[in-house]
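First chain written, first letter: the chains are A, B, C and D, and each begins at residue 1.
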Amino acid sequence: MEKSYLYFHDRFGGDEEHLHGISRVIYEVRTPYQYIQVVESPTFGKMLIIDGDVQSSLTDEYIYHESLVHPAMVSLKNPKVVVILGGGEGSTLREVLKHKTVSKAIMVDIDKDATDIAKEYMKEWHQGSFDDKRATLLNTDAREFVETSLSNSSVDVFISDLTEPYEQGPSYRLYSVEFYKTIFNRLKEDGVFVLQASLLRITDYKMHTIIRNTLKKVFPIVRSYFAYVPSFDTTWGFIIASKKHDPKNLTKEDIDIRIKERVSLSLKFYDGETHLALFNLPKDIRAIIEKDTDVITDEHYLPLKRKENL
Amino acid sequence: MEKSYLYFHDRFGGDEEHLHGISRVIYEVRTPYQYIQVVESPTFGKMLIIDGDVQSSLTDEYIYHESLVHPAMVSLKNPKVVVILGGGEGSTLREVLKHKTVSKAIMVDIDKDATDIAKEYMKEWHQGSFDDKRATLLNTDAREFVETSLSNSSVDVFISDLTEPYEQGPSYRLYSVEFYKTIFNRLKEDGVFVLQASLLRITDYKMHTIIRNTLKKVFPIVRSYFAYVPSFDTTWGFIIASKKHDPKNLTKEDIDIRIKERVSLSLKFYDGETHLALFNLPKDIRAIIEKDTDVITDEHYLPLKRKENL
Amino acid sequence: MEKSYLYFHDRFGGDEEHLHGISRVIYEVRTPYQYIQVVESPTFGKMLIIDGDVQSSLTDEYIYHESLVHPAMVSLKNPKVVVILGGGEGSTLREVLKHKTVSKAIMVDIDKDATDIAKEYMKEWHQGSFDDKRATLLNTDAREFVETSLSNSSVDVFISDLTEPYEQGPSYRLYSVEFYKTIFNRLKEDGVFVLQASLLRITDYKMHTIIRNTLKKVFPIVRSYFAYVPSFDTTWGFIIASKKHDPKNLTKEDIDIRIKERVSLSLKFYDGETHLALFNLPKDIRAIIEKDTDVITDEHYLPLKRKENL
Amino acid sequence: MEKSYLYFHDRFGGDEEHLHGISRVIYEVRTPYQYIQVVESPTFGKMLIIDGDVQSSLTDEYIYHESLVHPAMVSLKNPKVVVILGGGEGSTLREVLKHKTVSKAIMVDIDKDATDIAKEYMKEWHQGSFDDKRATLLNTDAREFVETSLSNSSVDVFISDLTEPYEQGPSYRLYSVEFYKTIFNRLKEDGVFVLQASLLRITDYKMHTIIRNTLKKVFPIVRSYFAYVPSFDTTWGFIIASKKHDPKNLTKEDIDIRIKERVSLSLKFYDGETHLALFNLPKDIRAIIEKDTDVITDEHYLPLKRKENL
């Protein structure tokens, strides 16, 4: 194979750096909110990079997006109203819409440039989901939308598909205990809230555990789970925060039946056995995720800098 | 943190390269069999590198070694005789000896320099296991040893902890169907054979699937499983090949009871829930591991070059 | 300074690699002849990269282009007709046109895409030179043009501003002894031929010395000289091959007078003292450039692969 | 060529990084003054690295050391007493001792570990010079030695072969205007002071120009010159500060005669023509070296951080 001349350097703390060959830069732009690059990797295909972090690659985005969406969705018998916070690429929306029970899917992403780029350059991701009649895309502040435009007990599933709240990032106010309380109120009695929750491995878990701990101040049930995403080179954490349903109690059979009944298109990653792989955490991970006592509030922000400075 | 001046470059195929800062090279030597480096990483602690591949790091070697040893060991009610092929660091031996049922653990590693280096520079790994009365270390060819020094139906557990059989590597003849037949014969009626089986992720799985397919020519039960190892930046594959016991049928409770009854020291990674995490594979991985039809034989070697040329 | 996410990797043989941060890829295309990238570097400004080799950067292109053009031009009392082989960016043409004596400057570059890119994206390089009445741009094969469209003794100065003749590169037939004989014939009695002649430093000089040796088969006077170009991280070699004038005999004063009389715009790099810096080579360089005996012919091509394989 | 697994990363400001493959780390130690590494490069041979900066490599150390020593030495008709500040490897001493006129060469390097490492691991550098009867090695503070142990008008040549005065480096007080005044006083009437004076290229010259400007406060004649050193990937600056002799006035013939008369062993780099190459600076370099007005004093230190932060 001819070697690349350009490399994307993914920084994992000062002394760990992963180099991904880049055969082509398809598009790049600095929006008011973030720096967005769409590039082509010989190994992972088209990749979306935001502020130096790989967001998703064509080869394995299904792992991330199926892991984010389906465990929350199958936890409910009949999820109708789904609200996605962020979700730029449109893949989270795509997975949500695969559930026939859904009547309304609202995606709120503040960065219109990001969703425009997805529409134009990432069609393999959204696959036309933005045109589905059940879908609504709003380019507005997600916090303001949740606070002012939704009524209490009206949402079945909230999905937080945001970049991490590093200092001065655009998504800072969407991770605080105050906002989580509002989410709690807007959810129906048996509603669930699922979040992408940063990388989770024994050498890097701080961001995950702070988010987890903040959620525990509000929700009675909080479950961490993780999946390995090759283009991230790491296991990635997710959290389901729930009022009533514990996703870990679902059996393999329950899940396979619900998928069969209601999911219109085939899934590549998720099914009953995968669910067990996601929610049965190794002993060491179970230990570290309990470590943190920090809470993100509107006033008191967590002390994490960008990855290169961790 | 002060940045390193030296970096270990871990090559994942031509265009993917992971850089690990190195604060110190503790020892390096080219033995008749391989190039061995013991280095210090600010992130992962002491690391063992052989021929450019990270073998294990102090921070996370327990993940690899517990995953390799315990599922096979707990599959049996009363494992007494264990033979380790390779296993240079002594950690595999250490985990084996934690099982009180074991009366004899033989480790056969051809490279005396490698085991001497482990004894001298990697005490945190073996923790004195080489001095255990039940342990025997032989620096001889493992194939010849298995063929000539062991009788049929005499071994409870074989553990293959060898470097991968890349072209001209030292461990080539320890992966062929002919050798696996000998292993089968040397095993007791309910014996199991477990192997480290190369990286396993959707972008890199060829080596794993060839080993798996070769084992299926000999053993009735062949189970792949995997664990994420941070210093490898990837999920790592293992395979249990068995005459009778299927490790996937073990329940969480079975395992926790067996560990409690027989394992003398505490485990950091493995327990009943971890077992479910290891053996429940995601749907995409279940699909790719069935793909291969190649078989390694003494005559027909598999066409894999070293990683940098894959 | 914020660190870049993308890096251009400039390979100097397998184990030497220079990484240049890239803030933006301005344009990239694979033409029928070569792979062209125009990128932005925080250190060097806009950069032109062809087939993985830095061709020139905005910050220091004047060093390369003034070194290439002016020593040959000032060697002649009255250079009128100048032919440039290659010269994609238009900077060589720009420097040639600064000499008021020039009545005709013909630039022959086979790759129309390359000169179109220069016109559109590299205006700081050519600075409108393509529109000068004295200039002609031909996108045709330079060898054929020299052989069929020029008459003998008609050219004052030939300037070879081509990529190196690595295996299968587009410029292979423009470096042979046969072609050099044609150049010799097309030159006037006191004409000179100047070439960019690859990197020249004590660890890398093979390409330079082969070109030099080939020229010596044809021209009575052959002078190597070099200049350090920061974005190349190395000293770069040039050669003047001449029928009559030896550039090394020019005094500092001669040169400053000729520049003053005839060069319309100011020069940033070249003057009488710079000429001494260019043509007085260190003792070690004088020794190595005499080493080679290989000659490039139309039949017998030199055995050099691309840099990464040297 | 087999690729290396370890690389030394030479940082040229945040976004420029040069990677040198390392086949072996021969020795490394953190002394009270600096972090010293002796490594083996396939391209440059044995290399000495101090605090992340390449100090010299076996392949090209003669360029640096001959450039540092001989122009100053040949400026004088009869240099007898030479004092070297720093000079750890012993190569500067080696070059000084080649001049038969020298009766006394004193080398003052504060770091005994550094000179011990040189004696043990860098014999190709010093070549036994420490054992020459005319040589004295003192491991003491150079400033204190010059101030207290030398009398006025007693030294022919001072040679400053120190690491640059980055913040908190060991050599900070050896670059101030106060110390330079002492040097001036200790020199004989026609004595010269020569310094290695940091990298000098149009993108990096700040350190050089500050040292130059500080010298101009004390010495009537101050001449910058430079040479390209391959393992540094850059031209390197030197400065001669003189009471009376201007090295630029020396002719090629003068130099070749003085070398012939007095230098016992052959030189690989320096001779009359090389002298012209060193002291005739390109026009752009002549412009930038005049830019600075900063002066280093004992009180007011220059504001330069280590390279990675420039």
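Convention: a contact is a pair of C-beta atoms (placed from the backbone, for glycine too) under 8 Å apart; a residue touches a chain by one contact, two chains touch by 3 or more.
Quick caveat, the model's predicted, so the values are computed rather than measured.
Engineer: Would you mind pulling out the distance in Å between where the CA atoms of chain B average out and where those of chain C do?
Structural biologist: About 56 Å, centre to centre.
Engineer: Would you mind pulling out the distance in Å between where the CA atoms of chain C average out and where those of chain D do?
Structural biologist: Using C-alpha averages as centres, the distance is 34 Å.
Engineer: Averaged over CA atoms, how far is the centre of chain B from the centre of chain D? Could you give it in whole Å?
Structural biologist: 52
Engineer: Taking each residue of chain D in turn, which ones touch at least two of the other chains?
Structural biologist: 3-4, 7, 19
Engineer: So that we know how the chains sit together, what is the shape of their touch graph: line, ring, star, complete or other?
Structural biologist: Here the contact pattern is a ring, one closed loop where every chain has two partners.
Engineer: What are all the chain pairs that meet the touch criterion?
Structural biologist: A-B, A-C, B-D, C-D
Engineer: Per the contact definition, I'd like the list of chain A residues that touch chain C in the complex.
Structural biologist: Checking each residue of chain A against chain C gives 3-9, 11, 19, 22, 24-25, 28, 35, 37, 49, 52, 308.
Engineer: If you look only at chain D, which of its residues touch chain C in the complex?
Structural biologist: 1, 3-4, 7, 13-21, 41-44, 59-60, 62-63, 201-204, 227-228, 230, 233-235, 267-271, 273-274, 276-277, 280-284, 286
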